[in-house]
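Input: structures, listed below.
Next come two complexes built around chain A: one with chain B, the other with chain C.
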Partner chain A sequence: MAQPKHKKDMVADSGHAGDYVDDSIRLGDEANGLFRIAAGIGVVGIVLAVVLGGGLTHQQFQHSYLTAFMWGLSIGAGALWWVTLQHLVGARWSVAVRRVGELLAHSLVLMALLSLPVVVPMLLGNDSLYRWVSHEYMASEHVLEGKAGYLNVSFFAVRCVIYFGFWALMARYFLKASVAQDKSGDTSLTARMGRASPLTMIGFALTLTFCAVDFLMSLDAIWFSTIFGVYYFSGCVLAVHSAMVLALIWLQRKGHLVRSVTVEHYHDLGKMMFAFTAFWTYIAFSQFMLIWYANIPEETHWYHMRLEGAWWPATLALAILHFPVPFFGLMSRQIKRNKTTLALGAVYLLVIHWYDMYWLVAPNLHKEPVFHAADFAAWVGVGGLIVAFVVWKARSVNLLPTKDPRLQRSLAFENV
Partner chain B sequence: MSDTQAIQAEAGPAPLHGLLAEYDNPTALVRAAKKVRDAGYAHWDTFTPFPIHGIERAMGIRMTRLPWLVFVAALIGLANGVLLQFLTNAWDYKWLVSGKPFWSWPANVPIAFEMTILYSAFAALGGMLIFNNLPLPAHPLDLKERFARVTDDRFFLLIEARDGKFDEVDTRRLLESTEPLLLDEVLEDRVTSDKIPRALIYTLIVAGAASLVPFAAFTAARARHSEKPRIHAIWDMDFQPKFKAQRANPLFDDNRAMRKPVAGTVATGALRDDDHMYRGRVGDAWATTYPAGVQVTEETLRVGRDKYNVFCAPCHGFAGEGDGMVHKRAETLGQGWVPPSNLHQEYLRLQPVGELFNSITNGVRNMPAYGPQIEPDDRWAIVMYVRALQRSRASGLGDLSEAERSGLK
Partner chain C sequence: MAIASDINPYQGALKGDNAFAQITDNVSRIMEAPKPPRAWYIAMGFSLMLLAMFGASLGFVVWEGIGAWGHIHPVAWGFPIVNFVFWVGIGHAGTLISAILFLLRQNWRTAINRFAEAMTIFAVICAAIFPGVHIGRPWLPYWMTPIPNQMGMWPQFRSPLEWDIFAVGTYATVSILFWYMGMIPDFATFRDRSKTTVRRLVYGLLAMGWRGSSRQWHRYERAYLLLAALATPLVLSVHSVVSFDFATSQLPGWHTTIFPPYFVAGAIFGGFAMVVVLAVPSRQFFGLKRIITMRHLELMSKIILATGMLVGYAYGMEMFIAWYSGAIYEQFAFVNRAFGNYGWAYWTMIFCNVLAPQVFWSKKMRTNVWVIFFVGVLVNVGMWFERFVIICTSLARDFLPANWGYFVPSVVDYATLAGSFGLFFTLFLLFCRYIPMVAMAEMKAFIPEGHAHDH
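This part shows the complex of A and B:
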């Protein structure tokens, strides 16, 4: 095994492993304030969504909630992917901001809980969200009979346990190992996390794909698109980088990490946001073009619903607001190196990513685009709960992996 | 190397190219670069074994303009990609592909995208070379044996003599103040040319011109007519061992290349097993009611009116009196014409809706069948509209509400 060599490399990498970092790396009282506000907004938002949406099992609430849930999930899932990626490639630039990513990934524990309002009614036979829950519907279409082995509530529930179990497990693993290193300074933990990352990445790819298929694609049980998981994934990447930018800016405004996180880190996060607006478009268009070209009825009806009649302006708006606007908006180096403009870009991407989720979910319920008050209430609610959960966890850990052997490289990192 | 030096020596004393300072660490080089930058020199450069962060700031180098060049090239590539496809598919050589319009944007995106990337990449590479004055086949520093260590562990700074601020004494003093390991004069290389070899340039020009020959040949071929059979470059693509649709195939008894579907095959969505809906029959009699799938609403009536005005009115007239434009024209021609029915005749008013539906579907007397042209639900909508027309001519007091009746009086 090349193990000892690997370890030596890492010590050589660090130079100053375990050095004292001259920066504020613990959240103070301001975190309690944010936690209370976010938790309050979260609970009120969810309750309002239930009330405005006509009750837990009502179609409107279910659709509004699913939109918000998939939006929130994309931040946590994106964060788990991001953290795994940093370990997979042995990234140096990102160490200074990695703890924030680890904390965001930890929100997957919360997302497991938040999936219950979708999964439990389904288990009880409620088909207000997924028509395939009803046996009559499954019997009504010959195509669906072939899918019954996959599309049934018990198997769906089993899959949910696998997805959220795997994600929560890995998110907790990466956070705990990293935090343990803060105390022990054990560089072998870095190697261990590096070794865990390839399988985590493969597992992530499979679980996220199937999760997107289950929660979003199966809204239309007949329709199928093999690239759909990647489509959702592209949104996850946009969401997590945007969320990290906003989290870091908030931390720095409160006086934390001010010397550790530099404009170079923001620049790189901004580059990922920029790159993945193009990636999203690439995937979205690939999906569209193959279906458009082949022109097979059971595939085209999903687009027909969105491209004809009242949904057409909404679809056009998504195409423009999700591609040319952020693409040209984030293209300039100056914009990515300026915290104010980058924060604007991050907020914009998070909003437009929600609209993307809305565009996936809402046509299942409404013949024309209507923004229901419950849509916004659920969105704010899920967002508030995620912020509260992340802040709650963040209070007990360092905001910087202080004894990561690659930390010094990250602190000194510069874009050429 | 020594041969070159010998030739150099024979050529006599060379003019000064510049002053070279040598350092053994990047920090010293960056410090020196800042000094030279602040002294206001324009023609100077640094040489390092690896990229040094911050050196471009220390040297006062502006942000490159390359991105703008790439951006413009990208736009040109995009425009060319779209134009290429427009000219070939929608203008010069229209070819119907799977029923799509000749010009439809989704089909154009991949090629437009690739062209954008291709032009960007070329602009980035070419622009980088041009902005850096590359390729540069020779440089006076090549003659310095010590300079070879720049690929290993030494850092150099060169101020060129052609700089307006260059002064052999002042510049030397400035460089000495940066505490170099060594300060050395660099002489011009009078033997090796720093120009790109002529032969290479001519070869490139000839190769570039030659690459246009096939295009010229294509253009010439398109402008002329030829009696010769076409050239088959790829035989197994032009002559494939397969039977095409609508051709004879001796392998089967019926000599058809296309196989008939299995008896009883129904196309997706084409199952017509609802007698009421598709044939207007309930049991053994004509249906007297509308099928379950047809809603008796104003919306349906509106659809019925639109379809009636398109398909029926030309003969039966807009009000159903059998006086449509076709009928009028036939009358003036006077060549014998069975007039279309007046829809307000009693026997038609009393006909069950199912029978009316059947007449539309399969035709009656010399009225042709409209089933193949009009969707079943639209045919029912027409029946509904015809009923409304009939009612409009045969209504009585009983059709009015109490209030309306009293209003009449």
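This part shows the complex of A and C:
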């Protein structure tokens, strides 16, 4: 692999003459290699998933693919939330790593395309994933009749256009404005992105909630839970911080951002990973405990499916692997400040988050937890395509918002 | 550079080259002045009147029994529980400011954390009184704690009400520890400046031999970080457990899974509103305008706006899922909530909690003390009504129309509610006069003068 081009780039500083960053901030040839490998893996993975899953409209493929899709979406959606939040609060520590977040958020453009294998068969009347697509099913239960105003294919498609349209638009906006600032150095862009952030945040909260309701909760058309949107959101936050850690470590190993991104940034990202393992548990526990305690049949049957037979150990495994293990694993300051252990934690969280998605989707199809080969093929496929898409975009931009007026504060900050 | 959030609130606020001394003087003179300002006496007189009313109304309830309140069938949980949840909610901002904002490096909190923490503790005291009296035999509240006894009685650990004992108890303990530990260096300052023997003795005892050596500071900061980390989950846990009191039931309007985070968001919302309601007059009357600056009030307004929208999200989700569930009882509970005989309470809540804070989108509004104060009051009203709406409207129309009722509070209900404010304000006014109201030591580390080489 070729050596990365070492570009010197003067960084506009915030009033301290003589401060500049001497760092590699452009991807070199190594990115082409990664792009080709990731794209190859992605395409092969998806094709394999289709073949192993029994065809595009087959139940197994649809469930495997939805699991992978919701996993991948949580990285992009989480990244859009993260970037919006940084602008909303005027964060300084994160400027040095914000471009990576912006690029990850840009994967939402790809996710819009990747939603088609779920949405198009549904539009054609395929009910292998969502039983409510079938009119007979909706007529079979009295309680479902009232829901037809929301759970119908055309409204679902309209909502998808709104979700993905809004996310793709905002992700592109934040990336484009930030890249434009690299060229012009115009500080008013920072203020403008700040002004766009509160409404983006409100739109994000609503779209993500209803997206989670539509794609995951409506797998069981009878079941309902007001906290469900927050549950999916907590996974998004875990996924994006983990993905950012891995992306930064890869970039630094290839010789980029080695001076700009310090152990302090990793430490902060690690803190968020740690905090949100607890947050996920808080939300998951609240949902479970309240439904278990009240014991109302409309609600309990969803957990019943996950607590019976061989699903019981699988659910117990989720509880243990998603809480005590990462919580105690990430508690120590040393672990968060060591790239190897933090990377381990990030990979672990991304895997366990996939398992969480699997736990949400698979009981809809299997009475027993079965890991089908198509599950893994679709997961690797979606993951590969996301990496390829992000790298492809990253090749044409700086890896650091070089002229952000707050950059200097981010480069210099320390955890005390 | 003109990015607003980068500006330290004290850039230019403390003029001159003696910023540290100014902070000490500004805060200490409240305690050292021979007499507090006249406003303090007026407020104290008013608070003591309310406190007397609290004592009288509670005394009457103890004498007469809880029938003195307006409870009727089927509304067996009326004002006392509404007030309990209201006050516990108020008690959330303090620990949020001292723990979560500390972990998020929001150093501006140093101007307000001390009195927000004090407010937390006083609010929890007010809260604890209500269930204590509502049990009907207020001389036996220790039965709620698991104390081995000859009667072989043991609390019901499966009841969320019992969990409350532990949640609120833990929260109160950690909050007091956190509050007190943070005050030790400031008590030492008071001790060193005291001119009378009594004060030197009292503040000296409270300062626990603090000398300000670097070793002491090192330990202090480690302990502060650890307490912040321990207190952070408590911010979430207390009101989550309070929400379990309702959400574990099967009652439509109470049983919904979003309750824990929704209650927490509401508590932070109401708590911050109370902080601004107290901060605006305090900074005026105790001359703390250069310590609690306009920028602080503006930032708190933003937090009120953000948490108000989180609460609005929860109201919306409840409504949507009630419809989406297809469950007729669930649907009835929410239609009744908005358009039934308590509809006026619901729309008061929506107006105060969702609509009123929207004025903070405008910078002009969130830098106007009158607007901030007024919206703070409205939010407090709205948050009280939120609990009223949840508790009373869900109970008033039971599953069978034969079990429908309309709860009308009695005079004693109103007197206990108003009286609890008397207790709260009395404690707060005593705090203002005798305890360091601002974390002087922490603030000095934050002001620009504390960082000669800060970027």
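In the analysis below, the second predicted complex is superposed on the first by the 398 of 416 C-alpha atoms of A that agree within 3 Å, B and C clash if a C-alpha of one lies under 4 Å from a C-alpha of the other, contacts with A are read in each partner's own complex, and residues count from 1 in each chain.
We take it that a contact is a pair of C-beta atoms (placed from the backbone, for glycine too) under 8 Å apart; a residue touches a chain by one contact, two chains touch by 3 or more.
These numbers come from a predicted model, not from an experiment.
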Assess the superposed three-chain arrangement around chain A: do chain B and chain C clash, or do they fit?
clash
For A:Thr187, using the defined touch cut-off, is the partner it touches chain B, chain C, both, or neither? Pick first, second, both or neither.
second
Applying the document's definition of touch, where does A:Trp312 land relative to chain B and chain C: first, second, both, or neither?
neither
Quick one: classify A:Arg406 as touching chain B (first), chain C (second), both or neither.
second
Looking at the overlay, what does A:Tyr293 touch: chain B (first), chain C (second), both, or neither?
both
Which partner chains sit in contact with A:Glu414 here, chain B, chain C, both or neither? Use first/second/both/neither.
first
Taking the superposition as given, does A:Val230 touch the first partner, chain B, the second, chain C, both, or neither?
second
Which chain, chain B or chain C, ends up touching more residues of chain A in the combined arrangement?
C
Taking the superposition as given, does A:Phe371 touch the first partner, chain B, the second, chain C, both, or neither?
neither
I'd like to know which partner A:Phe155 touches here: chain B for first, chain C for second, both or neither.
neither
Kindly classify A:Phe328 by the partners it touches after superposition: chain B alone (first), chain C alone (second), both, or neither?
neither
Superposing both complexes on chain A puts chain B into chain C at one of 3-11, 75-83, 129-137 or 273-281, namely 129-137
Report, in rising order, the residues of chain A that make contact with chain B in one complex and with chain C in the other.
289, 293, 295
So in the complex, the part of chain A that touches chain C is made up of which residues?
14-16, 89-90, 92-93, 143-147, 150, 187, 190-191, 198, 202, 205, 209, 213, 222, 224-230, 271, 278, 282-283, 286-287, 289-291, 293-296, 298, 405-406, 408-409, 412
Chain B contacts chain A in the complex at 51, 53-54, 56, 63, 98-100, 106-107, 109-110, 268-269
Give every residue of chain A touching chain B within the complex, in rising order.
285, 288-289, 292-293, 295, 297, 333, 414, 416
Per the touch rule above, chain C residues touching chain A in the complex are 1-6, 103, 105, 233, 236, 240, 244, 247-250, 255-261, 309, 313-314, 317-318, 321, 323-327, 361, 455
